Every structure is written in C-alpha cells, then in structure tokens.
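Per-chain numbering from 1; labels A, B, C, D and E assigned in written order.
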Amino acid sequence: MSHVPVSNLQDDLILKVDKLGIRRSERWLFRELSFELFRGDIVQIVGHNGAGKTSLMRSLCGLLTHAEGDFEWTEINDLPCLPLYLGHLAAVKPELTVFENLKYHPIAGQFLGDEPIEDAIDQVRLGNYLDTPTRHLSAGQTRRVGLARLLLADTPCWILDEPFTSLDVEGCKWLEQQIEQFAEKGGCVLLTSHQPVHFEKKPQILEIKRPVEALC
Amino acid sequence: MSHVPVSNLQDDLILKVDKLGIRRSERWLFRELSFELFRGDIVQIVGHNGAGKTSLMRSLCGLLTHAEGDFEWTEINDLPCLPLYLGHLAAVKPELTVFENLKYHPIAGQFLGDEPIEDAIDQVRLGNYLDTPTRHLSAGQTRRVGLARLLLADTPCWILDEPFTSLDVEGCKWLEQQIEQFAEKGGCVLLTSHQPVHFEKKPQILEIKRPVEALC
Amino acid sequence: MLGKLLRRELLRHWRCRQDLINPLIFFLITVSLFPLAVTPDGAMLSRIGNGIIWVAALLAAMLSLESMYRDDFYDGTLELLMLQSGSPYSVVMAKIISHWLTTGLPLVIMSPLLAVMMQMEGDAIGALMLTLLIGTPVLSLIGSVGMGLTVGLRQGGVLLSLLVLPLYIPILIFGAGAVSRAAMGMDYSGQLAFMGAFLLGSISLVPFASVAAIKVSIR
Amino acid sequence: MLGKLLRRELLRHWRCRQDLINPLIFFLITVSLFPLAVTPDGAMLSRIGNGIIWVAALLAAMLSLESMYRDDFYDGTLELLMLQSGSPYSVVMAKIISHWLTTGLPLVIMSPLLAVMMQMEGDAIGALMLTLLIGTPVLSLIGSVGMGLTVGLRQGGVLLSLLVLPLYIPILIFGAGAVSRAAMGMDYSGQLAFMGAFLLGSISLVPFASVAAIKVSIR
Amino acid sequence: MNWQWFHRLSSPKWFYQISERWLPWVMGVSLVLMAAGIYQGLFNSVPDYQQGESVRIMYLHVPTAFASMMFYMVMAIAAAIGYIWRIKLAHMAAISAAPVGAAMTFLALFTGAFWGKPMWGTWWVWDARLTSELILLFLYLGFISLHQAFEDREVGDRAAGVLAMVGVVNIPIIHFSVEWWNTLHQGATISKFEKPSLDPSMLIALLLMIFAVILFCSAIMMYRMRNEVLSRENNKSWVKEVVLGKQIGKMK
C-alpha cells in the first residue's frame, strides 16, 4: 500500500465500486451497490440506523470483508492509494497529550514535524490543551483531536463516519468548511451524518437500500 | 435512595441546585450555578465543547464530586428520588440479547415483566432484533436499546447527555416526542444536545459559562 | 433482587460458556508447567504438589477476577446497576457468588485430577479438596475488593495482583499447610477452623468494602 | 519508521511508568508464594528454585502481554496504525521490542535477587540470568502472536494463556534444564545453543505471523 | 497448467456429493474392521506374559494415540492450505478434524492412565511421551477455543489457521525437547514398559484396530464436514434443494 499526495493524482477517478454486496450474520445489508468517486466529490451516504453505512465504509478501507462484488482505488505507480478513515472510535490515546497523539501516530505513511501539528491543534481550538493528557478532555474535545488528523493527512480521499458527533455548533461549521475546502483542492469525501449538513454545493446522496430478498 | 414513581410526587419542585461549582484538574468549569427544576420542565444545557455539561450531569447523579455549593432532590418519605441518567455510554451488554438487556437490568429499582419490555422494544423499532445479541447491532441501534429504558422507568426526572447521537432522523423525532410526552405527564427532563432540537414549547436554556477568574 | 441479579450474571457467563473452562485450563496448564520446569520425579512432586496446586488455584482465581467488573465498568453497566438497582450490596454479592460458582467451584472439582498427576495420596487429596472448598470463596470475596478498586485503571491487571496476592497469603499458608499435614497423617482441624473463621469473617465484612471500592471507582 | 513507532511505545510506557514495575512485583510475589506454600526448607528450595523462577517469569511475561495490543485495539489506534503507517511489520516489531524492554529485561535484571532468596548458588545464578536473557525475547515474540489473535475477544485474557503457554513449553524446559545442569556443575551449552536457535528462528518468522494475526483481528 | 481439478476439489458442493457416496463405505469398513479387531483382541489373542489380561487395553490405547497425532497434522495442513489459498473447504476440514483429534487425545490419555494403574502402580508419571500427549491436548483445546471465540466463522477460520501453523512448528520440538528434558534428570521415570516383540495374534489385532480407528475418525470428520458445509452454505440454492428434498422425503 502506498499513500499518495492529492497533487500527484493524474486521473479524475479515485474509487470505483462495482456491484458490492455485504452480508452480516447471514443477512444481506445491500447488494449490487455501484458508484464512483471523482476528485472534488462530496458524497453523503444516507440510510436509517442499521442500514449498513459503517459496514460499507469499513469494507472500503479493508477493515471488513465484503461478500461479493469488488472495488478499486485508483493506482499510482501500481500501488492503490488509501483513504483516511475516521470512524466511531477516535483513535486517541488517553495517556498521551494532545500534541503527542498527533506527533507519534503516523498519518498517511509518515510522521509529521512539530509546526504543522501545532497549527492543526490551534485550528481545532485545542491550543490551550496542547500538553493535556487526552483522558482529561471532554467528548467533543476528544473528537477534535481525531479531526486534527484531517488537516495533516495528504491523501486523496477522506472517509468520515458521523464526524459531527459531539461537536458543538461552531465545531460543526468549521468541519463543514474543511470538507468543502478539501473538495475544492481536488480531494473527495465520503461521509455519513444523521444531522443536516450545510454545504454551498449540495452533496451527492448515496442511499443504502435493503435488497428485496432480505425480509426482516 | 429510593425510586419514586412520577404520580406519587406531591411537590412541584424536583431539583434545587444552589451555587454549585465544579472543578476539574484545578480548573473551575463553572461556579455559582443555581437553578431549579419543576415538574413539566424541559431544560437544555448548552455550552461549547468542554464547557462542563457532562460534568454537571454526572455530579447531579452522584457520579462525580462537586467542589462547592449543593443540590437537593425532592424527598418522598425522607428518601431523595433519583433521576434516570443516560450518558455517553449506552450501558448495553454486548453478549446479551436486546430483550435480556432490558429484562435483567434493574430500572428505577425494579425488574420488569416481559410485556412492557417487548412493547418498549417495538417502540424503538428493534422488534426484529429481540433475540439478537446486542454486539451485532449498529451504533444507532445500540443507542436505541439504551433509550428503551426511558419507556420503562418510572422516575420523575430524566437526565440525558446527548441522547440524539447516532439516531437517524426518524429516531430523533420519536425521541423528541417521548420527551414532550414525559414532560406533559409531569416529569422533568434535563438534556444536552449540540444539534437543534424541535419541541412544540421552546425548552428552557441553561447556559454554562466559564467563571471570570478562569482564564484559559 | 439478589436472585435476579445473580441470574443476570449466570446468564452472561452462560452466553460465553466457552470462557468458563478457561480458568480450569489455566489451572491445569500452570500446574503441569512445574513438573516440566522443576523435576518429573514422583517423590519430589508429591512433596511440593500441594503447594503448587494451591498457588495455581490462587493465580487462576485472581486472573478470572477481571471478568467480574471490568466489562460492566467500561460499557457503563456498572454505573447503571449501582444507581438503578437500589441495592449496591446485592449487585456486589451477585458478582461474588457468580464468580465463585464459575471459577472456585470448578477448581475444587478439578483438583483431585491434578493431585493424582502430582502423585498425591488419598488423604492429602481429601484435605486438598476440603481446603479449596473453604478457601476459594475467600479468594472471590477478597478479590472483589481488589477488583473494585482497580476497575477504573488502565493496566489494572498487574496492579490487581499486587493488591490481592498479599491478602491471599494467610489463606494460602493455612490451606497448603493443612494439606501437607494431612499427607503426613497429622490432624489438620486447627487449620480448617482458622480457614472457616476467615471465611465467615470475610462473608460478613468484605461485601461492604467492595461496595465502597466500586463507589470510589465509578466517580 | 520503526524508530519512531518504538519511541511512541516507550513514551506510552513512560507515561504509566508505575505500571512498569508491576510485572516485576508480580514476579517477586509469585516466587515468594512458593516458600510459603511449599516449604521454607533451604535445601529443597534450592532444588526447585530454578523451575519456580522460570515459571514465574513465564507467567509475568504472559500477563503483561495484555498491554501490547489491547488498549490500542479498543480505542481504534491499532486500526489507524495498521492502515496509516504503511508498514505493519514495523508496528508489530515496535510492540515486541518495547514489550521486551519493559518486561523481559527487568525480569532478567531482577532474577539474581530471587535466585538468592531461593538459596541458589553462583553458577546456577549465572546460568539463570543467561537463559532468561535468551528466553524472554522469545516469550515476547510468541506472545505477540497469541495476543494478536485474542485482542478482539472479550475475556481474551485466559484464552491467551491457553494459546500461549503450550507454545512456551520448549523454552521453559530448556531454560530450566540448563539452570539445573549448571547447579550440578554440568555443561549446559547444548541447551543454550538450542535456545539461541529458537530465538533466531522466532525473530525471523514470528513477526509475520503476528501481522497476520492482527489483520485477522481488526476486521 | 490446468487448475480445474483444484477448484473442483475445493468446491463444497462437490465435496458434499462425493462424501455422500463415500461416507457409508468408510464407516462400514471401519465398523467391520473394528468388530474383527475387538474379537481378535479380546478372544483370539494371547495375554501378555508379563502383563496378563490388562495388555488388552493396548488395542484401544495405541490406535487412539496414533490417531491423535495424525489428526493434528491433518488439521494443521488443512488450515495452512485454507489460509494460504483461501479455500473455505480446507478450513472446514481443519475445523472438523480438531474435535476428533482432541477426542482421540483424550482417549489415549484416559486409556493410558487406566493402563498405567496396574502396570506402573500410578495413574500418571511425568514421562516424555505422556507429557507431550498432554501438551497436544492443550494445543487442540487452544485451536478449538480460539475458533469458537470468534463471532464470524470466517474470521475464526483464519485466526485458528494462524495458530495451527505456529503450533505445528512446535509439535516436533515438544516431542524431542521433552524427551531430552527427561534424560537430563535422574532416571527415575524411564519408561517401565519394554516393548515386547509382539505375538502375531496381538499384532493382527493391533493393526486391525489401528486401521479401524483411523477410518472411524475419518468417517466422523467427514460427517462433521458435511454438517459444516450445510450450515455455512445455507443460503446457496443447492443446499436448499438438499434440505427441502430431505423434508419432502420425510413427508412421503
């Protein structure tokens, strides 16, 4: 696997999903799901609770095996470029400080210098908590540490599972802006959210529907 | 401690908070917070991430020690009546089924019969998952199991910390209705939420402000 | 209340019944490490066997303490139980009883097998079972306090051993002592009486300490 | 990459440095349970001491495996590391090395003290340290596979012991065997050579098995 | 190269059909051999000059001990094939072999212990063979427990597969290291049983029983595999046909 900076992409197509189907405990969540992600796309996956949004995202990241169909990340130098996935879990270590959490976790295949990290922390409004162990943070503040990774990663695609959870109004606004800016720069974003999101350009909607043969 | 059914309440006052102050790691979150909760109240606590909403709720439930001031739950037969608290953690055991999770956890001091439990499960739209171990549920479905407790508890006050998290649009609407109905019946609800909530009657707002002497 | 709570605990264990045999297997494997590491010589083994079996039972009981509160703490169930049940004492008692039923009792039943493998004789085997029968509830009781105190801490596991093992020592000394007296054909009722007193004392006092410990942990 | 990851691990351990001494204390307490349970007789102890110290080291190493992946798994960091670091091999190696540095090495350093408590002689003490020095890295290596396999499971702890202890047995037999030969004044280079070969073999193969195990667990 | 046969071999459906034909034969032959072996062993062979009648335990003990080791290898090889080539059928084979092997290990231990009491005057000694058999039991139990601990059977397959592959390296090491370990210490536990040059009547009984037990285990393993196939492929149309067909048969 390799991690490819956005600017290096030649092609417009980033992800191609072909008739994907996922089964959990013998029940099909969906089948024959096909879509494509291009640079600049913002796609919102919608579906009721338990539709299979998280499952779809995890299998695109290789964290779950899919039952049928296939998908393909665009390749650069024969290596598929992988997305940055932020899921329900924040991947924040409680015993490390906010700064160390970003400093010692590789993002997109590399470790970063101090300055960009401090900048990112300022942006998520945790500047005062630079040296606070993250176990002393509130729910929303912990999510912010995770979100700071978005600013540091140089990947062509973000996959965000309910990224607005626990964020206050201001934080949501900030995140929406970030997503839009990233799309303008040529990245693509796949996200879910149950609360309404406000982008200038309406995001594309991808609805997950239960296949006909699944009855319950 | 005792658990008092709503109908038994004589007084209108349920909770009286007097100059409460909470300190976390040597920093005051708030001081001199006073308010009262009456039957039929819906109070939304607002504040940015890290303001101290969760800390306030937990200390009202006796899960955190407060630094100054005091609060008092109304007493019946000399025993303070305790609220039902649903926090960030869902208190749902992954290895038990949805039904067993409600059946074998005492709510408001008692275990319930099968029928009300099955009703409650139907209401939170998990009827098809009655016998599914909860570890097979999605994020939103797991929250719904926790919320089913609201229907079963017979306490005068609900304390709900971001109850709308992970719920889909329909689920949010349902929860809003429940809260309103409960208030009409004479209960009182203390809740936080970063996303907009829609009640017929505007909820009262309780804002948590940083005390002046805390600088950061 | 206690009955229902106990049913909940046992149901949970039943759901992961596969885990039920794990302490047993740990017990079996740990005991069988010693002949490999020390000596296969039967005469020697029968002299040290009682001590080894007791220590292994101690360790097995201690390791399985984890399952007592840890899960419930992390998913918020412990908070809920303590706040909503109205009787923290029953919550703790249900946990202790189910821990003993699922760990201590199987160890007692399994012990003759290991005793035979360690070349112990009939009298000593009887004494071993008897002392384990009295001793393992004490292990569960004392363990619940230690676990209650460490449940909120990361890496509580090793800290737990630090808190709990020293408290287990008296029971170990009397238990193993009684068995070796039995092996030599001596009377061991003194040791048994002491262990019984210890058991009664801890049944009546320890649950309150556990409740206090958990109350400290959940806030 | 490996260097930075290793720094992260060591930093984490440093942040909870209190936990660092826990395996040591477990080691110390477990060993000292035996004189209490078995016999305080010096001649006897010096015969069984090597085996007991080795078994205790095994158990201490095994119990501290928990800290290797468990936390990282539950807060999603393990996923992140495996996906984002670009080199799962380095992630695993960093974990194994830091586990040894924080558990195995302190055990080696501590062992002479315990050996003296167990009335062991100079030669045997030297052999004990040497075999532990070669043996403990193998314990960390094999343990990382077992931990990788069980990290996603509830109550993995006792299951872990079932998987890992049988795999530890050869090292135990050769380690303890070498020490008792040394105590009898015999040559033990054969055992050492075997342990060395085992170490080399597992360094070269086991990390790949660990990567495979973790990849299975995180999905 | 033509991989057709390989794919066919790895198809659960193919296995289900072929085993349907084979299973009765394997089972039948093993039962016949076993009957012959038991007759030969109990009535038609001489008692041992040293051990008397108790030697007859041998006819159960040796075959089960042999099968216990053989099925570990079967399990490990199947698991490795399944892991490397991602063949589901191989995983199913490994999963089905494990309980059979574990049962044989247990029987070998049990019969051995029963034999030991009259022969050595004790149920158990820490002799090399006995110890390594005990460790084998632990390895089996580890494999089974690990597989069961996973929710998702396919994840469990792969996890247990990794374990089996690591464990198989250990088998010869355990075997030899334990032997070496035993000779290091004083010779109190040298095997008290000198292998007698067997009387032909005993040898026949023994051979019959060995084959019978191996075939019997294979039949059980096949039977378990068929169940495994059905339960895992339960959403495939051919399984529905099989199951429905049986129900219709019953209704008639």
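As a working rule, a residue touches a chain if its C-beta (ideal position, glycine included) is under 8 Å from a C-beta of that chain, and two chains touch if they have at least 3 such contacts.
Just so it is clear, the model here is predicted, and its values are computed rather than measured.
K.L.:
Please give the intersection of the contact partners of chain A with those of chain C.
P.N.:
Common contact partners of chain A and chain C, which must touch each of the two, are B, D, E.
K.L.:
What is the minimum number of touch steps required to go from chain A to chain D?
P.N.:
Minimum number of steps from chain A to chain D: 1.
K.L.:
From the C-alpha centres, identify the chain that is farthest from chain D.
P.N.:
Between chain D and every other chain, the largest centroid distance is to B.
K.L.:
Could you tell me which chain lies farthest from chain C when each chain's centre is the average position of its Cα atoms?
P.N.:
Result for the farthest chain: A.
K.L.:
Decide which interface, C-E or B-C, involves more C-beta pairs in contact, and give its chain pair.
P.N.:
B-C
K.L.:
Compute the distance, rounded to whole Å, between the mean C-alpha positions of chain C and chain D.
P.N.:
25
K.L.:
From the mean C-alpha coordinate of chain D to that of chain E, what's the distance rounded to whole Å?
P.N.:
Result: the chain centres lie 32 Å from each other.
K.L.:
Between chain B and chain D, what distance separates the C-alpha centroids? Give it in angstrom.
P.N.:
That pair's centroid distance is 46 Å.
K.L.:
Could you tell me which residues belong to chain C and also touch two or more other chains?
P.N.:
Chain C, residues with two or more chain partners: 16, 22, 25, 29, 36, 39, 71, 154.
K.L.:
What are the residues of chain A that contact at least two other chains?
P.N.:
Residues 25, 65, 88, 94-95 of chain A each touch two or more of the other chains.
K.L.:
Going through chain E residue by residue, note those that touch at least 2 other chains and give them in order.
P.N.:
If we look for residues of chain E contacting two or more partner chains, we find 138, 141, 145, 149, 151, 178, 181, 185.
K.L.:
Which of the chains touch, listed as pairs?
P.N.:
Listed in label order, the chain pairs in contact are A-B, A-D, A-E, B-C, C-D, C-E, D-E.
K.L.:
Residue numbers of chain A touching chain E in their complex, please.
P.N.:
Residues of chain A touching chain E: 25-26, 65.
K.L.:
Quick check on the complex: what are the chain C residues that touch chain B?
P.N.:
1, 4-5, 7-8, 11-12, 15-16, 71-72, 74-77, 79-81, 83-86, 218-219
K.L.:
Mind pulling up the chain E residues that touch chain D in the complex?
P.N.:
83, 135, 138-139, 141-142, 145-146, 149-150, 155, 158-159, 162-163, 165-167, 170, 173-174, 177-178, 180-181, 184-185
K.L.:
Considering only the defined contacts, which chain B positions touch chain A in the complex?
P.N.:
24-25, 47-52, 54, 88, 128, 132, 136-141, 144, 162, 164-172, 194-195, 216
K.L.:
What does chain E use to touch chain C in their complex?
P.N.:
122-127, 131, 134, 138, 141, 145, 148-149, 178, 181-182, 185-186, 188-189
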